[in-house]
Amino acid sequence: MNYQEIIDRIEQEVQQETHRGKAANYIPALALQDLGKFGMAVHTIDGQDFVVGRAEESFSIQSIAKVFTLSMAMQQFDELVWKRVGKEPSGTRFNSLVQLEYESGIPRNPFMNAGALVITDMILKNSENLKNDLLSFVRGLSDNQYIAYNEEVARSEKETGYRNVALANFIKSFGNLNNKPEDVLDVYFHQCSLQMSCLDLSRAFIYLANRGFSTFCHKQVLNPRQTKRLNSILLTSGLYDAVGDFAYRVGLPGKSGVGGGIVAIIPGQLAVSAWSPGLNESGNSVLALKALELFTTYTGISVF
Amino acid sequence: MNYQEIIDRIEQEVQQETHRGKAANYIPALALQDLGKFGMAVHTIDGQDFVVGRAEESFSIQSIAKVFTLSMAMQQFDELVWKRVGKEPSGTRFNSLVQLEYESGIPRNPFMNAGALVITDMILKNSENLKNDLLSFVRGLSDNQYIAYNEEVARSEKETGYRNVALANFIKSFGNLNNKPEDVLDVYFHQCSLQMSCLDLSRAFIYLANRGFSTFCHKQVLNPRQTKRLNSILLTSGLYDAVGDFAYRVGLPGKSGVGGGIVAIIPGQLAVSAWSPGLNESGNSVLALKALELFTTYTGISVF
Amino acid sequence: MNYQEIIDRIEQEVQQETHRGKAANYIPALALQDLGKFGMAVHTIDGQDFVVGRAEESFSIQSIAKVFTLSMAMQQFDELVWKRVGKEPSGTRFNSLVQLEYESGIPRNPFMNAGALVITDMILKNSENLKNDLLSFVRGLSDNQYIAYNEEVARSEKETGYRNVALANFIKSFGNLNNKPEDVLDVYFHQCSLQMSCLDLSRAFIYLANRGFSTFCHKQVLNPRQTKRLNSILLTSGLYDAVGDFAYRVGLPGKSGVGGGIVAIIPGQLAVSAWSPGLNESGNSVLALKALELFTTYTGISVF
Amino acid sequence: MNYQEIIDRIEQEVQQETHRGKAANYIPALALQDLGKFGMAVHTIDGQDFVVGRAEESFSIQSIAKVFTLSMAMQQFDELVWKRVGKEPSGTRFNSLVQLEYESGIPRNPFMNAGALVITDMILKNSENLKNDLLSFVRGLSDNQYIAYNEEVARSEKETGYRNVALANFIKSFGNLNNKPEDVLDVYFHQCSLQMSCLDLSRAFIYLANRGFSTFCHKQVLNPRQTKRLNSILLTSGLYDAVGDFAYRVGLPGKSGVGGGIVAIIPGQLAVSAWSPGLNESGNSVLALKALELFTTYTGISVF
């Protein structure tokens, strides 16, 4: 089977799933999503695209955006990033504030909310208008000028995001934020609200499959060493508290978001994204997980 | 450079390191090791061996033995193993008993001491003499009949292993041990005391680089799916609380022991082991870590 | 109303309670107790006894014995006791092992199991036969030579007490036990098995109501300063994780056991005990709690 | 000795202490206090005042104010207060956010910061201008119209109070605040900034020594049952994580603040306050603690 045949078959299989989890319900824009939606897109380092289902419908990428801000921070600070954020798996549902309290305000890794707030704080310093800069960065990577923040989502996140406000102020109390919590939170809530499609994501992330060089937008985004390292953190920390399970089933570096999207990287070959709004208890999309597991089964590809 | 040139160069470099950590000091047999000792061995799936330094001197493999007992458990119980042990990274220094208390006696993964005790309990049930069976399994994998338990080490571990006794009894109090704690501990303390060399280890672990089939002892130890999965757990949980750092620097599935040994797997190619007794604060050998990092740098090999 | 009228009325009221909790079920000897049993006894510092119901039926005093061993330790070590055990409330269901791990093997207070193990370890050192000495101490305080250990209970505790074995070994691993865990546990399991009646308990504890001097057995058990301090620890730590609730409802220093007994002290006046086997989720007797609350209501007595 | 002789002697003794701890340093107004300052005041239920040192100099009462807001809440909600706040000791340095995360946003007791925020939220609902109402309440209890908020202190608390902002938002995320976090925090920061003297405090708290009726301002502040209960919570939870130590040494219900003040209650007799700015590691005034310990020694008074 070629990639198109594979993803066509995957779509057929996942559409037969009756257990589809529940959409994230903390803000209306996410809660009202149709659980029947499913899309998937593959982008290869030799420039081919393969799509199926709603691969070109944009959705809220949520935590997947943390890969973009971390990439920006690695460009600017390289190894110094790790002075303020760890790179170990968080390993616990009881994460966020408990871990921060025991470890003096140093988040375990850049993909926990706490870690992403610190990363955002870092790059805020070097930017006159970080929201614009981030948008340009993402549009450039996807070569899509229509990518935008969803202001309604950003506003809803802000209005209900008490735990994130708590996190930012808690980190500040340990001295690990340089900017005002409200300024960091403003960018943070916006980055979560980015709307992109599976195709956008697979294209945007191709640099992680190609030693840091994007064959799609023709830029060296990270150097090879940085790329290898970012992939390793994705593998050990990219899927909330289901990291081990994802590594076990899929065996690839990946990142998920509560909007229902998941991106995975096959080093040397391709980036693959899947999306469906229904989530399991770990906050990962049920159908997207299934789709990526089938993708590695049918292609026989794994890093192991 | 070929593999021999690479490991020769690595030996030269690591021997210049002045900071070598400290040998494990909880039992005399480990504490008295000479910090100057270093060995390294590569075994490839096409059957070649490359050695340097004390690659053929046997040492106490300690936690590396957990890979052998887990392999035996996967042979016997396949996916049922995960009913009683998790496969997520532990993510915290505050691990062992705290995590067990919060999660009702289910260890986070099979490479924490708690997890290894549960794995040992599982395979104890199917064996008339598990200590003999384990020894046969390991001797077979390495084709070396001289591999043996170090009874002095096993006895010392038993005399000082109050925390492991606590762990076993704590797990038992949650109902997650079927055998008597003392019986499980007897096998556990013995498996930690296995004496093997770097060459033994690289040969023994070659099945993990070759979809479960050992080209060295000509056996299908695990099936390809099981092998991929064991490797993924090694990558997310194999190095105590330095898993993220090891993935970041080395980028390979690996397992370390407080005897100073570390084994890593390059899927499709080889197994590589290094040994030196001096440990860092995470309990991993300083020189062996350095050696494996240099090995991936000089070979350019990584799973990412 | 005089004391006899008060406790008669209390018995009538509590016997109408339909919700009586559940007997401790971890060992047969406790599990088979009849939930209908209730007894209560008052002993005043001027030597009067008031009893109702099964006040003279002996039961398993369990954790109430920790007051006896602590008194022995204060006699022998006075303030030095607090080098190895804290005197702060534990404050958390998630107590025992978690707290020990965070605080390096120093139990929060002498009434947690961990603390009682350390106290037992202290006095074990000064005694040729601690089980005999403890029995003599308790018999002397109650002037009752029939008080004895229940060997069946002690044996059952030992056979099922994996968590206590875990605790003792865990504390030992931090260096806060001087004797062998099994020797400390043997005394510990026996002290829990002491059989006494409400009347025995109220008489035995009268020294705590009278500045350390027992008007019943005519001995200065503790000095006035020690007595005040033991009472303060009873008030802040005597009722597992319901300390605040007991202080709130009853307002007296007290100690409970999972056998269903509770003793409380009214400084300057009396000791009062109640017993009934049914426990609430905190492990305290439902009817005995109710009885003591009514006792303070009808007598108008409180330390506040 | 009469009370005046006793407190004169206490002043002489504490002034000889060379170890005086450190003033709270998180805001300038507290940090700049002179460690040499010491005051003490006794107010008896028969209306006598005894003062020594700087007993009439006002200082920042900080957490002592939590007793006033809790009293207001008990007046308005009686037992319903405990639906939203516990009454158990917190028992851990690792308190605040960790405990909240494990227990779903219900603070352990009303004297932790988290608990005081919830209490403030409760009474905010019933008041058009809570800051005014609280001030009137306190002025009435002390019969002193000069008692006021220190706006500079309130502002400083606000500017540096990231952890309290984190707490309020964290509690809100669990649904246990009805008002906006910023509105609750505004009152909270103001109540901490109340300026009162030792004499003001002893007079204001006399109702706690007299079954809820203030002989000083001639009001029934709480009923006798409520008073007994508030005292019991003061004894088990009033001194941060030194509750057990204070009960052990002083044996009285009490409340401390990081401004260096401590108030204690002798039921049936008097209220006594001491103040000195130097704090120990638990955040309690070194000299005030010493003074209260001596007071119970010289008067022979204790609740036990």
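Chains: A, B, C and D, in written order; residue numbering restarts at 1 for each.
Methods note: a residue touches a chain if its C-beta (ideal position, glycine included) is under 8 Å from a C-beta of that chain, and two chains touch if they have at least 3 such contacts.
This one's a predicted model, so the numbers in the text were calculated from it and none came from an experiment.
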item: Length of the shortest touching-chain route, chain B through to chain D; value: 2
item: Chain A and chain B: spacing of chain centres that average the CA atoms, whole Å; value: 32
item: Chain A and chain C, separation of their C-alpha mean positions in angstrom; value: 55
item: Whole-Å gap between the CA centroids of chain B and chain C; value: 47
item: In chain C, residues with contacts to at least two other chains; value: 94, 102
item: Touching pairs - complete list by chain label; value: A-B, A-D, B-C, C-D
item: Residue ranges of chain A touching chain D (in the complex, touch as defined); value: 94, 96-98, 100-102, 162-163, 165-170, 172-173, 181
item: Complex contact set, residues of chain C against chain D; value: 86-92, 94, 99, 102, 108-109, 227-229, 231-233, 235-237, 241-245, 247-248, 251, 253, 265, 267, 302-304
